[in-house]
Amino acid sequence: MRKLRLGMVGGGQGAFIGGVHRIAARLDGQWDLVAGALSSDPEKSIASAQELGIDSQRAYTDFKEMAKAEATRTDGIDAVAIVTPNHMHADPAVTFLESGIHVICDKPLASTDQDAVRIKQAAHASNASFILTHNYTGYPMVRQAREMFLSGCLGELRLLQVEYLQDWLSHPSSPDNKQAKWRTNPNLAGAGCIGDIGTHAFNLAHFITNQLPSKLSADLTSIVDARAVDDNANVLLRYPNGARGILWASQVAVGNENGLRLRIYGDKGGLEWHQEMPNQLMFTHFGQATQVLTRGSESMTAPIAHQATRLPAGHPEGYLEAFATLYKEAAELIRGNMHMSTLLPTLNDGLIGMEFIRAAIDSSKQDSVWVPLNCS
Amino acid sequence: MRKLRLGMVGGGQGAFIGGVHRIAARLDGQWDLVAGALSSDPEKSIASAQELGIDSQRAYTDFKEMAKAEATRTDGIDAVAIVTPNHMHADPAVTFLESGIHVICDKPLASTDQDAVRIKQAAHASNASFILTHNYTGYPMVRQAREMFLSGCLGELRLLQVEYLQDWLSHPSSPDNKQAKWRTNPNLAGAGCIGDIGTHAFNLAHFITNQLPSKLSADLTSIVDARAVDDNANVLLRYPNGARGILWASQVAVGNENGLRLRIYGDKGGLEWHQEMPNQLMFTHFGQATQVLTRGSESMTAPIAHQATRLPAGHPEGYLEAFATLYKEAAELIRGNMHMSTLLPTLNDGLIGMEFIRAAIDSSKQDSVWVPLNCS
Amino acid sequence: MRKLRLGMVGGGQGAFIGGVHRIAARLDGQWDLVAGALSSDPEKSIASAQELGIDSQRAYTDFKEMAKAEATRTDGIDAVAIVTPNHMHADPAVTFLESGIHVICDKPLASTDQDAVRIKQAAHASNASFILTHNYTGYPMVRQAREMFLSGCLGELRLLQVEYLQDWLSHPSSPDNKQAKWRTNPNLAGAGCIGDIGTHAFNLAHFITNQLPSKLSADLTSIVDARAVDDNANVLLRYPNGARGILWASQVAVGNENGLRLRIYGDKGGLEWHQEMPNQLMFTHFGQATQVLTRGSESMTAPIAHQATRLPAGHPEGYLEAFATLYKEAAELIRGNMHMSTLLPTLNDGLIGMEFIRAAIDSSKQDSVWVPLNCS
Amino acid sequence: MRKLRLGMVGGGQGAFIGGVHRIAARLDGQWDLVAGALSSDPEKSIASAQELGIDSQRAYTDFKEMAKAEATRTDGIDAVAIVTPNHMHADPAVTFLESGIHVICDKPLASTDQDAVRIKQAAHASNASFILTHNYTGYPMVRQAREMFLSGCLGELRLLQVEYLQDWLSHPSSPDNKQAKWRTNPNLAGAGCIGDIGTHAFNLAHFITNQLPSKLSADLTSIVDARAVDDNANVLLRYPNGARGILWASQVAVGNENGLRLRIYGDKGGLEWHQEMPNQLMFTHFGQATQVLTRGSESMTAPIAHQATRLPAGHPEGYLEAFATLYKEAAELIRGNMHMSTLLPTLNDGLIGMEFIRAAIDSSKQDSVWVPLNCS
């Protein structure tokens, strides 16, 4: 079985998420990185490619050129990973989709609704797949939670609380901080923490429950003076069945590193999961002792969780393994093993994320009025 | 130094919080329970008194009679504990205050604003003190948190999240469940979880920060069908300085026993405290390792925390000790040691709690519009 | 039902454990402290008594005088609490037992085997009861563990590990540290950490399993230079059925406050309990998820645990409540309610503790040779 | 920079640790697996190679043939990973070392001392390197602990406790359980849990402290009836400076998955690390609050920890990343970047492990007499 060939747009020297995508692609031995337009700066693009062992002929300085060349090679890339800042997702996504090359795109989908629509149209017109790396869905215990929820272990949804807390933007960022620079620029990022991490939280809740709120009420704030985007988002949720929720995203909560954590309560049971201790899932059946379900053990009963893990219980898997699961399943999708890839986040998840951002911003601008979420 | 003499209204056989008050009063050896109108049912009142070793002459069947008799005895009670359901706070409180007897009253202050006003007027007209048992303020590490916040360890307040989660009302209550019966009856309780536990959460945040939000936006829900009061409360907060908060109270969150938990973030630091692990306080100075401060150790630096503890580090204190601290400090107040009692929750805390309930209900009725909090 | 009358020997100003006994006696309203020989220093004895509200006539300066006087009063004490350093247990214990007054004695039983024998003989000759305050047996979840073990939830005993770690003696003690002074003096304490805390650990393991090792191998050390007693004890255990154990006691393990913790494994299941988080008991049935059993919840199934608790789940009880349970059950014993007091630690537990100390010291002196434990 | 070429002996279909080595080798993009003698069964060897994308010409059925062929190819392997059961380490190790090919060998070194000596002699005679995959040394917070200990943060070593608890051998194993089969066969494994996991625990303690005990006293047991090797090991340790230790390894401790955990105490401080929560390190400076040091944060100060990590704080790394660090550093060693590979476990660590096993078995056979450890 041949390895699949991956190209990459963005992710040159100094970037963060590009390196994560590369490890994730490598981890399960399904992908070779063979081409890249790693930077808009030609020299950096070449140097980065060389460092990564990419053949110099396939170290492009322009993603359009890359799409064209790769589409015509017999050994052209099977898929491209787009790991640029948000405002630079749409152009390469549309280009590669039009070239019939599968796209694996970092989240959120785009920095503007117009860009999102362009990607949507290109995806609909293309035979290639579009995958959005909502990587937290790759954690085995997140999938165990989904399976338990959907099979009724918790009963009907009543309450949901999801939070994603960081503290790295607690102070005005140094101009040298490349990550902070584009993530706090509304033109490049589109939104602040509501987009950068709030969409992850929203997606996680959706992934596990398969339910979306019908309305939200948001209070977005720029806590740090002179910051042009929100760095804290307090959001209330209402579900069609009457269930209620809270989503809290913050990048100024001192002492929190990457605190994505979710609690769900139904009439029969409750569960809790923390990204920083991802190998555990706490589950309580009403009136019984809380159980500590663990990845890889007999308490991890869901086949979709087993499919996403590599090690026996007690040998912790982490962020990279969860991310790698998306790449492994993307490979399955491309190879045609559709049943192995049903959980992959898609364009639709990206559009839902855009709608969530829009609604949150709209609500917040109107003093937290309840705003409907229109996710078709 | 003589022990002080305590009377009690309510708390007869089958009650819960009355027993807690009695242990709390005994624990530090400052109080003797010598009189009671323990039940509105005469037989039960007598039987309960006998069981508690109260002299039969001082086992009253009517609190008015009790107030009258005790006020005239030379060995009359120094204070009365009112531990009846919320709608029965005001009558005895007013009566004892008018008799010049100090009142230690369970929270929330009352079931209606009218009742609250009556207590307020009586308290203002009386020389006797009025103490409200917001018992969570008695925990040493809560006091350590207060001291740290007020002395600037966290910097300026930015974010606050407080939650109080239980699950005991997850299902419709049995008619035999005395606690559930009155707590879910709007006429007796005044409100649901927003009053029963939401006020505790609100008070805790206020106690530690010494700050009150200027506005709130609330979404109160009766999750369990046919419940007449709210059993889940999602509340957003805005502080005068621009800080933001979330308060979440629920009695239907399966797997939570008495999960009162608070997180506060400022520009310099953050802290976190859980009632179910009360001997710890997590503190993070921005950019440094999180520290686990522990009750009774050298890391518990605040004198007001030391004043509230009895044991060396590692010997866990709990709920009863925190509650007992209020009784100990009430004794100090009555003995005239004012400096030892500055932290006692007072009438004003009760009035603030009533205003919080009012605003939350008002906001919720108006589809979560922001409602100002008027706490003078 | 009248309160019982308690006297106390030791526990004057500056003492630690005396205050704990007094709170424990008060907490459940079963005892009044009415007499005391609180210090061998007459002035201190009087002053301490006054502070505690003991009538000056019953503030003795000599415990023999106290025993004599109290035995003849019609309102004489029902029991005496002996809270002196270890080398001063035997004299008052023998005296009060001979006077027919029940004795509640702090642990370990004595500082020498001769003293232990004297107490044993006096106890056998007396109608009065002798209770040893191995207070950790009073924790509800310890009792839950006992019930589960004895009813076979874990299957046959295979492995046991118990540790009791503190750090307060990590450095040479200041001469002003009264606690350190006598506890590190071999003439007063009899032994070091093996006696002070090792006996608690050994007792806890015995209490839960109802099994005693037949042999031990010990390596006792004085880690701190010039300390005259052991401050670290590494002990291996062998049980008659082939099970194996480790007991580790230390007072120089930096970062540990009062870390008494026990793990037991059988062929069917395992459990774990920490004194510093006493309201939880972790239980695993082989092949299933670990369960978090909690005090006061439906997962606390043992009647002997319910008998030892006061509050609903989630309202943490602690060290004082566990200690108070011994006083409550001592009252039941004296009142003749034998079924309520079957779990009280007795003379025999004290003798077993002495044998444990002896064997550990013997083994350690012989380079950790296996030494039989002779517990009749 | 070209990728290094890896071969593998063992690790065919149905094996466990071979797959781990392959992921570890891939993760950082430094290695390509290009050759293998994956099974002693020719068909399985070919099928396994095919599955892994190894060219059929380099899918050997005999490791000797493989060594010969690869040593002569211009694109021959740079190193071989030996992932066979313990009794099959020596033959391939000697063969590849003699062929001048670097060896990366799973632990423990061998199943017999004779085998260990053979490897030692071959290694000394060869220019090739020998690396032993004591993979837990690859965890960043283990390295942080080492750096802190060696730089004096804890002061002089006083106490050390290391435990490695599993429960997968709690019951007699099914004959189908391939892992259990060889690991409980004394001829194949050499020893039971003392070798399989005890050596990891011993190595971890050595790695962090850079100190070895001079003596040990061991009580090895076969808890499960009819098991031919030990499945529980209780070991006491004595260090040259008077420090004391306990090592506990068990494969029958129900409820433990892969519970490798270490605590070290010196006169100035203490630290604690759990393999199942590997991104944290608890550190206490005497008299101060315990600090939670976290991987990737500013509290992770050691350069040797930074060298071993890939992600920002809060993005958990796990077992595979730690294992991959050894492969990354092996690559650095082979490339000649010696300063990046100083921490790699070597032959000497393997020999120390063998000596530890020998001494533990000797001591246990002599009723736990203290046995010197001779580690040159």
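Each chain gets a letter, A, B, C and D, in the order it is written, and its residues are counted from 1.
Throughout what follows, contacts are C-beta pairs under 8 Å (C-beta built on N, C-alpha and C of every residue); 3 or more make two chains touch, one makes a residue touch a chain.
Only a predicted model underlies this, so the values are computations on that prediction, with no experimental measurement involved.
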Topological distance between subunit A and subunit D, in contact steps: 1
Farthest chain relative to subunit C (centres taken as mean CA coordinates): A
Interface sides of subunit C and subunit D: same vs different residues, half threshold: same
Inter-chain centre distance, subunit B versus subunit C - centres from mean C-alpha coordinates, in Å: 35
Averaged-CA centre spacing for the pair subunit D and subunit C, given as whole angstrom: 43
Chain centre separation (subunit A, subunit C; CA means) in Å: 55
Overlap residues in subunit D, where contacts from two or more other chains coincide: 256, 283, 290, 294, 297
Topology of the chain contact graph, where touching chains are joined (line, ring, star, complete, other): complete
Residue ranges of subunit A in contact with subunit D within the complex: 1-3, 16, 19-20, 22-23, 26-29, 51-53, 166, 168, 256-259, 275-279, 294, 296-297, 310-321
Contacting residues of subunit B [partner subunit D, same complex]: 283, 287-294, 297-299
Residue numbers on subunit D that touch subunit C, as the complex places them: 154, 158-159, 161, 167, 170-171, 217, 219, 221, 223, 232, 234, 236, 238, 242, 244-246, 248, 250, 252-256, 263, 265-272, 282-286, 290, 367-370
